[in-house]
Amino acid sequence: MNLQILLENRVEAAAIILFGIGLTTLLLNRNLIKKIIGFSFMDSAIFLFLASEGYIAGHTAPIQDAAGSLSAASFINPIPAGLVLTGIVVSVSVTAVMLSLTVRLYQRFHTLNLDEIVQLAREANEEEEEAND
Amino acid sequence: MEMVMTLLLIIVLLNAIMVVRTKHLLAACIIFMAQSLVMVLIWILLQSPDLAITEAAVGAGVSSLLFFLALKKIQAIDQGKENSAHEK
Amino acid sequence: MLWWQNIPFFSIILCLLSAAVCSVLPPRGARAWGRGVLGLCLAGGALLLAILGQPGSASFTFMMGHFPAPWGNEIRAGALEALLACLFPGVMLCALLSGAPALSSGRQASREPQYLSLCMLLMAALLSQAYSNDLFTCYVFLEIMTLSAGALIVFQNSSQALAAGMRYMVLNLVGSGLFLLGVVLLYYLTGHLLMENLFVSLQALAATGEYHRSLTIIIALITVGLSIKSALFPFHSWAPDAYSSGVPSSNAILSSLVSKGYILLLLKVYARVFGWDLVLLSHVDHLLLVFAWAGMIFGSLAAIRTSRFTRMIAWSSVAQIGYIFLGIGLGAGGGYQAAVYHLLVHSCSKALLFLSGEELRRAAGGSDTFADLAGAARKHPVYGALWTVGAFSLVGLPFTGGLISKLLLGGEALRHSPPVALITLAVLALSTLLNVLYFLRTMLILWSPGQEGSSKRGTLSPLGLGACGLLAAGILASFFLAQPLLEVITLGLSQFS
Amino acid sequence: MKNDLDRDLSLSLEESSPQASRLDAAHLHAHDTRIHRQDRAFSTRENQAHALSLGGYRALSVLVAVGVILVLLWGVMDLPAFGRDTNPVENEVAERYLAQGLQEGGATNLVANMILDYRAFDTLGESNVLFTAATAVLLLLRGLQTREADRSLAAAAPEAPADPILRAGARALCPVILLYGLYIILNGHLGPGGGFSGGAVMGAALILYREAYGSEKMGHLFSFRTYRAISFFALAFYALSKAYSFFTGANHLPSIISTGTPGAILSAGLILPLNIAVGFVVCCTMYGFFALFEKGEI
């Protein structure tokens, strides 16, 4: 019976699964590029969830004609679409910043592995400390 | 429409798993682009043309471009490092 | 609508506009503009506090556009918001004044306008966090905070700063994602995004007992998301690096303002969206209490272990964030009050420690190890004294605000059941002891007669000194004016619900 | 990995043989290297532990993912079903946006009404998120090329003269794409589209032109100064016009902005100018991202 509900809400279920995969990739994958892709997937999962909230079966996109003759009851909810629009902008902004940071890190450390980068930065720190002594 | 939606959702999830499993970063970025294109279709099915246009221009367009550029840059940094190693 | 009710709106718009303006001005112009705008915001906040802080005054809402509440967007200001509107620009102004030398020296100089532009964006985001009445607006400005704070870290071009910036970004994005999912689920349940409407719908839902499970999950998502972003104990791994690798002004802004912005948002979501009752029902306060206990001990232990001066200050932030969350975990009236009070005190103290600590470091030749800092305070006795004031406040000695917040927390703990009260008091005592240990050690090192030979008596910049002095005055004032301050906080919190 | 460890072990065995005890200096040197070797042996062992834990790490990732997914699925299972018109989100808020959006906002695209009129504060924040990102990328990547490690990079990848076909294609396509982007922006209040997507399309046209004709030629057309000026004016216009609208709205003052005739190109009050401003910001930012990633300079 639970499966029944899941199947009925399959857009939401897919969004949640995608969110889980994206979150885990962002958090635990060591490769920076994959982390960023994971972040993107996580965000699109949330947007998918949000957009599916506004969807009403059989209704159309909320675009009136000039005379305002279409019935308001024939449209889907415009709020989720607007929020997702904002969210997509935020997501691409973050992606650009993350990618530029990745390029800088690669130029400095020649690796895309975040664990190694943290390790190397720590070593550089200690060397500097020794040089100061 | 129901069937198409289900199919697209399955593709979305498969893409996500493939990104995690692939060894090639270029492949991962191409999958990212494919993912954006699938999302465009999903937005159209969900009756949100605004989102479809934006996703096509931004997700499949600019974002993917930035991913490829970043990879190219990383490759160039590698080559530059090798070159300077050879010079030494 | 009275004329002064436009102040919150104007300060947000002014900061957003200044971000664009700063990016096109030359460095000197941008610096002057940025300081001027922060000064204006501070003045506006003070005026607002003078009006709204009076006993019996009421909060007001301000329509952002032509449409009333459930349709349009809204901001709202009460006593607490006014207090924070003084704190945020004030501390940032001090950080920028005192940290100016590191920004305008050498290769950084040409990038200073961009730095100031980011500071302006951060200020706009912090103010919106305080004023906004809409959860999705909060999310958008949350992302501005995340991005601009990350850029402030990597402004310093060092390897450590870049690596710290990346770790910061990754964990903060996880936090944003969890928060956004929580907001989206809330919207799904209620169909609203404005806090008042959310509150009404959620109370109705809670009364019917429907969706209890989903509500618990939503509260957990938002709590964990914002805890990650404010570096509460088990999620703190990014914080010590991020707080200690940037330029001094970035360190001060990040540890004393950005984390506070997230805590403030959490408090607002608890009080104005869910209502305290619903939060208590979900038992998330127990979780916060445990995390806070662990963080208070763990942060202090780590601060003792580290051999670097700036990192020690950064680690002590982890412990201090634990204090604030201890207040939230203790809950019900007095706890929240203590949390807000400690939030104010910690903002001033941490900024002061970072900024005056930087001057001491420069006096010691730029080194960050304790061995090299020996005697640094003797070269700059004024900054030594200021640093000592900050340290006293975090230890909780008399005549500083830190004492009051510890008393408030201890007093509140006593009102709980014996096990909770006992553990809280024991943790408070232990943590204070550890604080004494490492701050006392550092002070002894700083004031010890060091090697005189390498003494480079740097020039004192009057502005930087004034800024640090202002922060120290804030710490002392929070002790001597504790009563009126607490009244304002209580008033502000009561206006929340 | 195993080979590495073997080699290290054999090295340390070699070292322990008593042959390096002749001269003090040599002894010291050997001592030094031994410490070094031990260090390395230590780190290899650590690496091996790493390799062993890689499997565990992967399992942990899967576990975390499955855990998060299950908890969330369990949590949303009792949420309202998909695609019904009785869900809580279909309340008076959405109803008013749909029923009165045309009169109150003036745009036939009701989503544009919602994001640029009803909830314009969010969108003001959104364009500033983009500006924050542009500033951050500028801080991170500007001047990257000119520094040490990358001098050789320029030599490794000299700017190849673009393909004549690409040039011809770009000459034909760029104006069309630019016009299309402009159309999307100007049509934002009448149909799907708007400043953001249109701006991204226009940015793509600029990027294509740059790829075909090289950054130098593009630099004449679109320099860093142009970039700064356009973003500044667009953002300032956005903030000021919205400030005017918020201020009049909150203080219940009459606003000079009228919604015009629905469906006409010059209608919907501030929505069209705002879309144009957003379009310019986005176009500049997208092109700026590209230029900074490619050359470290706009």
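We call the chains A, B, C and D, going by the order they appear; numbering starts again at 1 in every chain.
Here is the rule we use: a residue touches a chain if its C-beta (ideal position, glycine included) is under 8 Å from a C-beta of that chain, and two chains touch if they have at least 3 such contacts.
Not measured: the values here are computed from a predicted model.
For the interfaces A-B and C-D, the C-beta contact count is higher for C-D. Inter-chain centre distance (chain A to chain B, centres taken as mean C-alpha positions): 12 Å. One simple way to say how far apart two chains are is to compare their mean CA positions; for chain A and chain C this gives 27 Å.
A separation of 37 Å divides the Cα centre of chain B from that of chain C. Contact of a single residue of chain D with at least two other chains is seen at positions 72, 76-77, 79, 87, 89-90, 93-94, 97, 109, 111, 119, 122, 126, 129, 132-133, 136, 140, 149-150, 191-192, 194, 196, 289, 293. The residues of chain B that reach two or more other chains are 48-50, 54, 58, 62, 66, 70, 73, 77, 81, listed in rising order.
Residues of chain C found to touch two or more other chains are 136, 140, 143, 147, 150-151, 154, 181, 187-188. Taken as a contact graph, with one node per protein chain and an edge wherever two chains touch, the assembly fits none of the named shapes, being neither a line, a ring, a star nor a complete graph.
The set of touching chain pairs reads A-B, A-C, A-D, B-D, C-D, using the touch definition from the header.
Listed in rising order, the residues of chain A touching chain C in the complex are 19, 22-23, 26-27, 32, 35, 39, 42-43, 46, 49-50, 53, 79-80, 83, 86-87, 90, 93-94, 97-98, 101-102, 104-105, 108-109, 114, 117-118, 120-122, 124-125, 129, 132-133. Every residue of chain D that touches chain C in the complex is listed here, in rising order: 71-72, 74-80, 87-94, 96-97, 104, 117-122, 124-126, 128-129, 131-133, 135-136, 138-140, 228-229, 231-232, 235-236, 239-240, 242-243, 245-252, 255. Within the complex formed with chain A, the residues of chain C that make contact are 136, 140, 143, 146-147, 150-151, 154, 159-160, 162-167, 169-171, 173-174, 177-178, 180-181, 184, 187-188, 308, 367-369, 371-372. Chain D makes touch with chain A in their complex at residues 57, 60-62, 64-66, 68-69, 72-73, 76-77, 79, 81-85, 87, 89-90, 93-95, 97-99, 101-103, 108-111, 113-115, 119, 122-123, 126-127, 129-130, 132-133, 136-137, 140-141, 144, 149-150, 191-192, 194, 196, 261-264, 289, 292-293. On the chain D side of its complex with chain B, the touching residues are 109, 111-112, 149-153, 155-157, 184, 191-194, 196-198, 200-201, 203-204, 207, 286, 289-290, 293-294.
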